[in-house]
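Presented sequentially are two complexes of chain A, the first with chain B as partner and the second with chain C.
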Partner chain A sequence: MTTPTLKIENLTLGFKTWSGTAKVLHGISLHIKKGERVALVGESGSGKSVTARIVLGMLQQLKSARITGSVEFEGVNLETLKPASRHALRGTRMSMIFQDPTSSLNPVYPIFTQFKEVLERAQPGITNEKARERAISALADVAINEPDRVLDSYAFQLSGGMNQRVMIAMALANNPALLLADEPGTALDVTVQAQTLKLMSALVEKHHTSVLFISHNLGVVREFADRVYVIYKGNIVEQGPTGQLFDDPKHPYTRALLSAVPRITGGGIPDLDDDPSGFTAPLATHDGYSERELLA
Partner chain B sequence: MSRLLCVNNVSKQFEVNGRTVQALDSVSFDVEKGECLAIVGESGSGKSTIANIILGIYGASSGNLMFNGTELPAKRSKEYRRAIQLVQQNPLSSLNPRRSIGASLRLALDVHGIGAKSDRAKRTGELLEEVGLPADYRTRSPSSLSGGQRQRVAIARALAARQELVVLDEPTSALDVLVQARVLKLLKELKDSRGLTYVFITHDLSVVRNIADRVAVFERGKLVELGQTNAIFTNPQNLYTRRLIGAVPVVSREEAALRDRLMEQESGNA
Partner chain C sequence: MKKTLVILTRNPLSLIGLILVGLVVLSAVFADFITPFPEHVGAVVDFSNFNKPPQWPNIFGTDLVGRDLFTRVVYAYRISLILGIVVLAIAVPVGVAIGLAAGYLGGWTEYLLMRITDVFLSIPPLVLAMSVMGLLEPTLTNGMIAVTVMWWPWYTRLVYNLARSEREEGYVLAAEVIGASKLHIMFREILPNCVPSILTKMTLDFGFVILIASSLSFLGLGVQPPTPDLGSMVAEGAKYLPDSWWLTVFPGLAILIAVFGFNLIGDALREILGVDQ
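Take a look at the complex of A and B:
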């Protein structure tokens, strides 16, 4: 069995506050195999974004964060790495796409300058000509027709959809093993969102990139992911293959979430069970899809 | 049903860096009393522009609006400002963080002179109960409430003015899906029990499907399709409408089937 790209085991996170420790993650385990697209779904405050930040190694630097458990990236425990080696992984072996593309690009530099910076992470001393050539081919991959104009523009001169495609191109430029996508496209119009997801899907398939897809939008997850983990208040409550999980949700929380989504086929506004006591029920796993079985 | 609002041939141009942008291009539609009319479209479609014109934040470049049979003036009197109320997307920025919930509601009553002064304190409590919050939340500050509770307060504030029309500008898109379902339920119940009239502005078509009576689809400043919700979703006439519905991410097989059917028709027509 090959080493999974990412393996998180029994990860807990707490923040030290004046009145003790506020627990955010209560021991979550998940893994992503090579080329797999895995979604982490949950509401705000459930702990999905902090998980991504721990994988990037950014929360470890925070003094008030208390982290236990292990995060293995391509078989290497991140904890054993020096900060400098962890830093070297970011932007090369693992990269991230954020929710709002326009605010994650720097408004005072043209796109090309930022693109070159990304390429320099993997290839220090790359020449302008070479960088431009690589940037143009990366932009062509995300269906941008006028790469030269885009490279010489500033982020605010481009539309949101265009910026998101630039971000995707940058994130995949160094051919990372793992892509962390935190609510990509949430800030975009539905038609643009559908397009960018399709593009991203095709690209990660082509490069066999593993993806951790973080989202609160169940519809988007259904369309993008191979496997799904549902997270509620810092606990994984259900995991399984996308199709099964959406057709036959087992955990009360997943059921409530799915029933709360308004349907385009109508049926009115759903009646919600106001009793969240079942939401803390133990992890529900679909047959053959527990951590133990998948990693065996 | 009678007509509450008529929008007649409204156009709006903005000057941006010396260029003229046509934000709205002769748009006409009516809003009936007691209905929920959804205005949908993507960014740049003009849906917020029409909302701002209805609210009187700015006037139209041409065309006019009739409210209850009389023309709405460019500069609104207090009476019209009371009659047309707004609920915004982000309740955290639309509620004053330094004012208690009760004081925010009280202000709406004071400004519009609603009820006797001595009754107003009691009335704020009743308003909170009408939107499903305990009356003693009056003393709380917006920061101590959850997103869904804050949006309920924003709705209560719109109701405080004894409005005739509520413009809802993406009222649930900042909320989590469970909270969104509860707030939508509240809006629907209030509409049914009190005969409220909504202009519901959103980009979320699955929400529209379940709350609106009629839907107006905007594309680049033009009204491209207007019809009963059911008809729009089962048999959209306009290509853009069909494309919008086809792009909605869905969670069930039935929805996926509907989408596929609509997209097939599109390729058939093309």
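Take a look at the complex of A and C:
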């Protein structure tokens, strides 16, 4: 058994406020093996994005955040790392893709300048020619037809789909071990979203990158992920392989979530059970897919 | 930059602004060649020609000791421009750096820096400049210091607010994620997005700096004689109104032209760069 790329154990997060601590995560455990694509699914405010921020080490800087539990990246506990070596991981060994690609690119610099900055993270002092060469091949990988023109353009001159592909190319440029995708494509229309996700899927397979895919879009998750964790109010409520989880949801919350997906054949939004008491039922795992069994 | 210049010349108002500012700057730079009596800048006395109304070769008339007023107005422009450039060259970087730090870093840094800024902003600008001048000797250098001291907090305020909103932008988060340093984010990510606003304010301010400096010397706290200064010329001439009107009107018009020109350009820049405040 090789060490998983990312292993989160019993992670809790609270925010200290004037009136006590607001608990956000109640001890979640998940892991991603090398080259695996794992989805974290849940509604808004369920704790998906903060999990990604903790992995990147960006919430730890916040004075009001109270974090317990362990986050291991390639077998190293991130809490024991010095800030400097932890900082060195960002942008090189782990990177992130965001929801809104256009605002994630600085409007005052052409794409190339920003691409070079990303490459410089892994290779300080890279020359312009070398950076350009690598940027062009990275953009060609995400099916951008005129990489030269795109590199000299500004983010606002490109379409949302192109920007997202640029972001994907940048995120994978340094060959990270882990890619955190925080609702990529939510800001894009459905067809473009499908295209970019397909590209991303092919690319992470090629690079053997592990992906933590954060989304509320179940259709996308079903297409993209190998395994799924369902998160509800800071608790993992169900976990299992994608196919099984979608065909045979075991947890009441997952069932409610799945029935809320609009269907082309159905008659609009279904009536949801008004009684969410079942949603807090304990974790449901599919056979052979509990944390203990998978990490054994 | 070139495109901005082209657009500036299209709008009639900004074109007027450009022409006025161009005239002011050119006359200040080439003062030695366009003025008929360059030696009249200093302590020269020519009582045979004193207090003459506008006539050839003294097109603005002469002052109370017989010096050519046109010469002195043009040289005063030179001093006003130098003062404006020096004041902005110090006040803008200082104000911008403090504003960026307060806006992006937040927390205690923000409290401390912004409260200090508020203290400076709460004192009426002219009173602050006057008290600084009162403490120091009235010279050109000290005049610059006085105006600079009252000027930087406005830039801090402006940039602080801009940085506060830019901090929430996606590209700042993206930069943090790939591990960019705080300095990099402040100066290379956020600052370039504030430049249009800063540039617009600088152009608008240039006129006001000249005006404030003139006000200071009008009150006798600025540049001292015999160095020509528009404000002190107006102050001196005001005693002899309305008979020797040229002593006041021409230096006053000179201030008006400079301030008006810079304001027109500033307004036009604001529109072109899409700054709305």
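FYI, the second predicted complex is superposed on the first by the 293 of 296 C-alpha atoms of A that agree within 3 Å, B and C clash if a C-alpha of one lies under 4 Å from a C-alpha of the other, contacts with A are read in each partner's own complex, and residues count from 1 in each chain.
The rule is simple: a contact is a pair of C-beta atoms (placed from the backbone, for glycine too) under 8 Å apart; a residue touches a chain by one contact, two chains touch by 3 or more.
These numbers were taken from a predicted model, which means no experiment stands behind them.
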{"item": "Room on chain A for both chain B and chain C (clash or fit)", "value": "fit"}
{"item": "First, second, both or neither for A:Pro184, with chain B first and chain C second", "value": "neither"}
{"item": "For chain A as apex, the angle formed with chain B and chain C - C-alpha centres, to the nearest 10 degrees", "value": "80"}
{"item": "Which superposed partner A:Ser95 touches (first chain B, second chain C, both, neither)", "value": "second"}
{"item": "First, second, both or neither for A:Asp247, with chain B first and chain C second", "value": "first"}
{"item": "Contact breadth on chain A, by residue count: chain C or chain B", "value": "B"}
{"item": "First, second, both or neither for A:Leu257, with chain B first and chain C second", "value": "first"}
{"item": "First, second, both or neither for A:Asn106, with chain B first and chain C second", "value": "second"}
{"item": "Touched partner set for A:Gln193, first chain B, second chain C, both or neither", "value": "first"}
{"item": "Touching partner for A:Gly47 - first (chain B), second (chain C), both, neither", "value": "neither"}
{"item": "Shortest CA-CA distance between chain B and chain C [superposed frame, angstrom]", "value": "13"}
{"item": "Doubly contacted residues of chain A, that is, touched by chain B and again by chain C", "value": "none"}
{"item": "Complex contact set, residues of chain C against chain A", "value": "107, 169-171, 173-180, 189, 192-193, 195"}
{"item": "Chain B - residues contacting chain A, complex", "value": "42-43, 147, 176-178, 180-182, 184-185, 188, 203-207, 209-211, 230, 233, 243-255, 258-259"}
{"item": "Residues on chain A engaged by chain C in the complex (per definition of touch)", "value": "56, 58, 63, 87-92, 95-96, 98, 100, 102-109, 117-118, 121, 167"}
{"item": "Chain B partner contacts - residues on chain A that touch it in the complex", "value": "43-44, 160, 189-194, 216-220, 222-223, 246-247, 256-258, 260-272"}
